[in-house]
Amino acid sequence: MSYEITLMTTMAISVLFALSLNFITGFCGQISLGHAAFLGAGAYTSAMLSKADVPFLFTIPAAAICAAMLGAIIGLASLRVRHDFLAITTMGVGFLFVGIIRQQDFFGGEIGIAGIPSSGFGKGGFMLICIALALTFAAFSLYVRRSWMGFVFKSIADNEDVTRVLGIDVSRYKLIAFIIGTGTAGVAGALYAHHFRFVGPDSFGFVESISVLAMVIVGGIGSVWGVIFAAALLSVLPMLVQFIDDYKLLFYSGLLFAMMRFSPDGIAGLCTRLFSSIPRRVPDNGGNNR
Amino acid sequence: MLYLELFIQGLVQGSIYALIALGLTLVYGLLRILHVAHAALFTLGGYIGVIVTNATGSFTLAMVVAMLVVGLAGMLMYKLAYEPLLSQPPYVSLIASIALFIASEEIFRIAFGPYGLSYQTAPLQGHIELFSGFYLKYAEILVMGLSTILMIALAWLSMQTRTGVAWRATVTDPDMARAFGVKIQNVRYLNFFIGSSFAAAAGVLVALLNNLVEPTMGSVASYKALAIIVLGGLGSIRGTLIASLLLGVLESFGTIYIGHLLDRDAIAFAFLILVLMIRPQGLMGGKL
Amino acid sequence: MKKAKIISAVVMSGLLSIATGHASSIKIGFNVPLTGFAAADGKSALNGAELAVEQANAAGGINGDSIVLVVYDDQASPKEAVPIAQKLIEKDEVVAAISGSYSGSTRAAAGIFQEAGVPYIAAYAVHPDITRAGNYVFRTSFVGEVQGRAGAKLMGETLGAKKVSVITLKNDFGKSLAAGLKQAASNYGITIVSEYEYGIKDRQFGPIVSKVKSDKPDAIYATGYFFTAGPLVSQLRAAGITVPIIGQEGYDSQKFIDIAGAAAEGTIITTSLNRDSASIETKNFIREFESKTGNKADMVAASAHTAVKVIVAAMRQSGSMDKAALRNAISATSVVAATGTISFNALGEVRKDVQVQIVKDGNWHEHSVISDSKLLAPPNE
């Protein structure tokens, strides 16, 4: 039972993290290859405060604010560059974050911060908190999607220039997307720190950013349910298939590639095609640069 | 003296970056795909170089074989992985490319073992003393020399031959080129062949400099090359070359003098972000 | 090599299936890097541990019950090690566990094992905080600082170096070694003239090599693993630097010599495995390891082998599989293994001699042994 609780907690945290990226990339079309930096910002903030005896629950908003501040800066940068340039810039941000953390002993340097105290709620209690937060944000995402803000986001994702011509303050909305998405990633980070009880620069590198992006894309970019499912599955898949231990990375990447090759609109797309009576938005073809 | 050495090392490293990044920029210019899996071809080149040298004793043969085989592998990669995805949004080919890259690292590890391979008797390990105390390894001279030759060959091909003209036309305006009878498919194959074989050359040279090929040797190259092509201006060959050499030298001095603030990779990206904020299209990029 | 792997995999799964059917098999957890950058060391450590388990089972196991090694790949990453620790404890319910991995992941996992009251032995990870996780955590190899101090004595006294350049791998391994060196340097008349750092992925050391050359030290203390040290040493020699290069157990592998080639000659390291040892334990280990795997023995294999031996000895001693009793038995253990005589102090640290090896004619050989008790005393808390 104890092990199952651990798995559920891991899943909940991954779902929250993936949904936060979905907000930025899926809803608003701003591709981010460095999202793990915000998970890291939240995790480190929470870890350091917790070790300074700040109660766990108070570290969560602190983590969110810290990550969101960083996110706002990146959001501002996203106003300058677009598409592929944005992708690489966000990747650069990810490396920069890790590179700076690595060098400063204040953050534990290369070695990271170990011995993060327990959340104080016990394993079961902590799991419930994580699930609650994940569900709350999922509900929020669904709500936003049907709201005016979601509509603007989609418009920006589809065609930024046209949206601007329509008189909408595109910059403001992009920034909002970034702030909400990264702040939420920060919350996921706080949970992460108290679940794994250890944070280090290697935990938030390029591989993490790609993994969470993969969760969003495999789920179906923009689809809340798809992302929840994909995140839950992909986060615990490595542990479940440990019997193919030596080949697990090969299996994982093979699966990812097959997904892209045969069903690029993700699991959501697969479901749509299977149950094609449910009306659904058609994935954007990204017609700008081709 | 020290500065001269650092500068030359920067150029050597930059030449390697150039050989790798060139393939990446060629693919981007033609297809607008961020070909992360390119680094896998770099690694493959390194492995072939070591294996053939150890088997036959001839480094030259190894270089030629590596470039040919990997060139073909690149074409295969295009056919199997990218062609089916051309009509999809760009992030699809990006993720597919990344998945391919991870898979290839694993395949190398499973096929060749995790220990890495070394030359039995590494060629060109000697050095010459140019002037008092300043040593230059033969291998380093080869790196700079070979990259220059390959770049010149490429320039000649693209400027002075029919194939080259057809190629440039396709990059500029595919529909017009098609109208003139250029076989787009062949241009794409050529593109991948050349880019991949350059990466293979880089792999063989790196194997020579380090006397070690490992399954994960491409990981740094994969994202650094991306940073370089963005820095140079996506799609601009000249920009890529300048950015590669510039970055090589920057890293060389940077690791010594600001190494306590930022690690090596972070230096590259910090510089990139700085440039992009000032000039969003990169150093030599055209209109956005 | 591949055949041996398949055979051992079959044997392992055979043992595992027998074990899961058998209510009374004894499970020892083992986290080790089998993929990723540390895969080479991980494979070697796994081989060493498996050899020890086979030998123990051949000698009758623990009162007839066979020992099973439950192995998970942690990619030498703390992020992977933590869930693995949780899995070993909660799902596989191991009696004890060994880390065949690097300091980062061991450190992260140690806290989990300590909290769960499961004895955990770090085979070769050097970071001091590992044993500080609590009284259930032990280490069969040197703490980084101790090895660093030994290096100071080696350079200052034995080699007579006065000015030393330090090149440090930027991770817990490299940093704790460098810290130990700096602690003891002045006691042996050494001045550290310059310090440089590099990352674990670096293979091109041009700028550092040039700078060190201009520093003109009497000796160079360079920390790293064989895949960084090989290129580093090769590049240092190629630049015309002829002063002694002192390494540590991270270099301890035939691969280092393969990579650096002729440049490896004369490299001196502080480590735990003496290839020329007169000890029967060590000789047997080297011989059996080479016949089992076809590869030459190295420090990580010897250390993993030692860690298993310690647990097995403690199990035989304590007679029960109660984890607290086992912990006490481990703490009181004194066993002769491939890497020396192992016994623990209050912190769970081991006190043993430092082997100094040198590359001669393309192989590792004995150079000297450092036995200074005071110098090598590990921390007590």
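By letter and in written order, the chains are A, B and C; residue numbering begins at 1 in each of them.
We take it that contacts are C-beta pairs under 8 Å (C-beta built on N, C-alpha and C of every residue); 3 or more make two chains touch, one makes a residue touch a chain.
Remember, it's a predicted structure, so these values are computed and weren't measured experimentally.
Asker: If every chain is reduced to the average of its C-alpha atoms, which one ends up farthest from chain B?
Answerer: Of all chains, C has its centre farthest from that of chain B.
Asker: Which two chains have the greatest number of C-beta pairs in contact?
Answerer: Counting C-beta pairs in contact for each chain pair, the top pair is A-B.
Asker: Measuring from the mean C-alpha position of chain A to the mean C-alpha position of chain C, what distance in angstrom results?
Answerer: Computed from C-alpha means, the inter-chain centre distance equals 37 Å.
Asker: With chain centres taken as the means of their Cα atoms, state the distance from chain A to chain B in Å.
Answerer: 31
Asker: So which bits of chain C are touching at least two other chains?
Answerer: 34-35, 170
Asker: Residue numbers in chain A touching 2 or more other chains?
Answerer: 102, 246, 249
Asker: Name the residues of chain B that each touch 2 or more other chains.
Answerer: 106, 260, 263, 265
Asker: Considering the complex alone, what residue numbers of chain B touch chain C?
Answerer: Residues in contact with chain C: 1-2, 5-6, 9, 12-13, 106, 109, 113-116, 118-119, 121-122, 125, 127, 129, 133, 135, 137, 206, 209-212, 214-217, 219-220, 251-253, 255-256, 259-260, 263-265.
Asker: Using the touch definition from the top, list the residues of chain C that touch chain B in their complex.
Answerer: Residues 1, 34-37, 39-40, 42-43, 170, 196-199, 201-204, 206-208, 210-211, 213-214, 227, 230-231, 234, 238-240, 255, 258-262.
Asker: Contact residues on chain A for chain C in the complex?
Answerer: Residues in contact with chain C: 2-3, 6, 10, 102, 109-112, 114-115, 196-198, 200, 202-203, 239, 242, 245-246, 248-249.
Asker: Touching chain A in the complex: which residues of chain C?
Answerer: Residue list for chain C touching chain A: 34-35, 71-73, 77-79, 82-83, 86-87, 90-91, 103-104, 107-108, 111-112, 127, 129, 133, 170-172, 175.
Asker: Per the contact definition, I'd like the list of chain B residues that touch chain A in the complex.
Answerer: Residues 28, 32, 34, 81, 84-96, 98-103, 105-107, 110, 223, 226-227, 230, 234, 260-263, 265-270, 272-273, 276-277, 280-282, 288 of chain B touch chain A in their complex.
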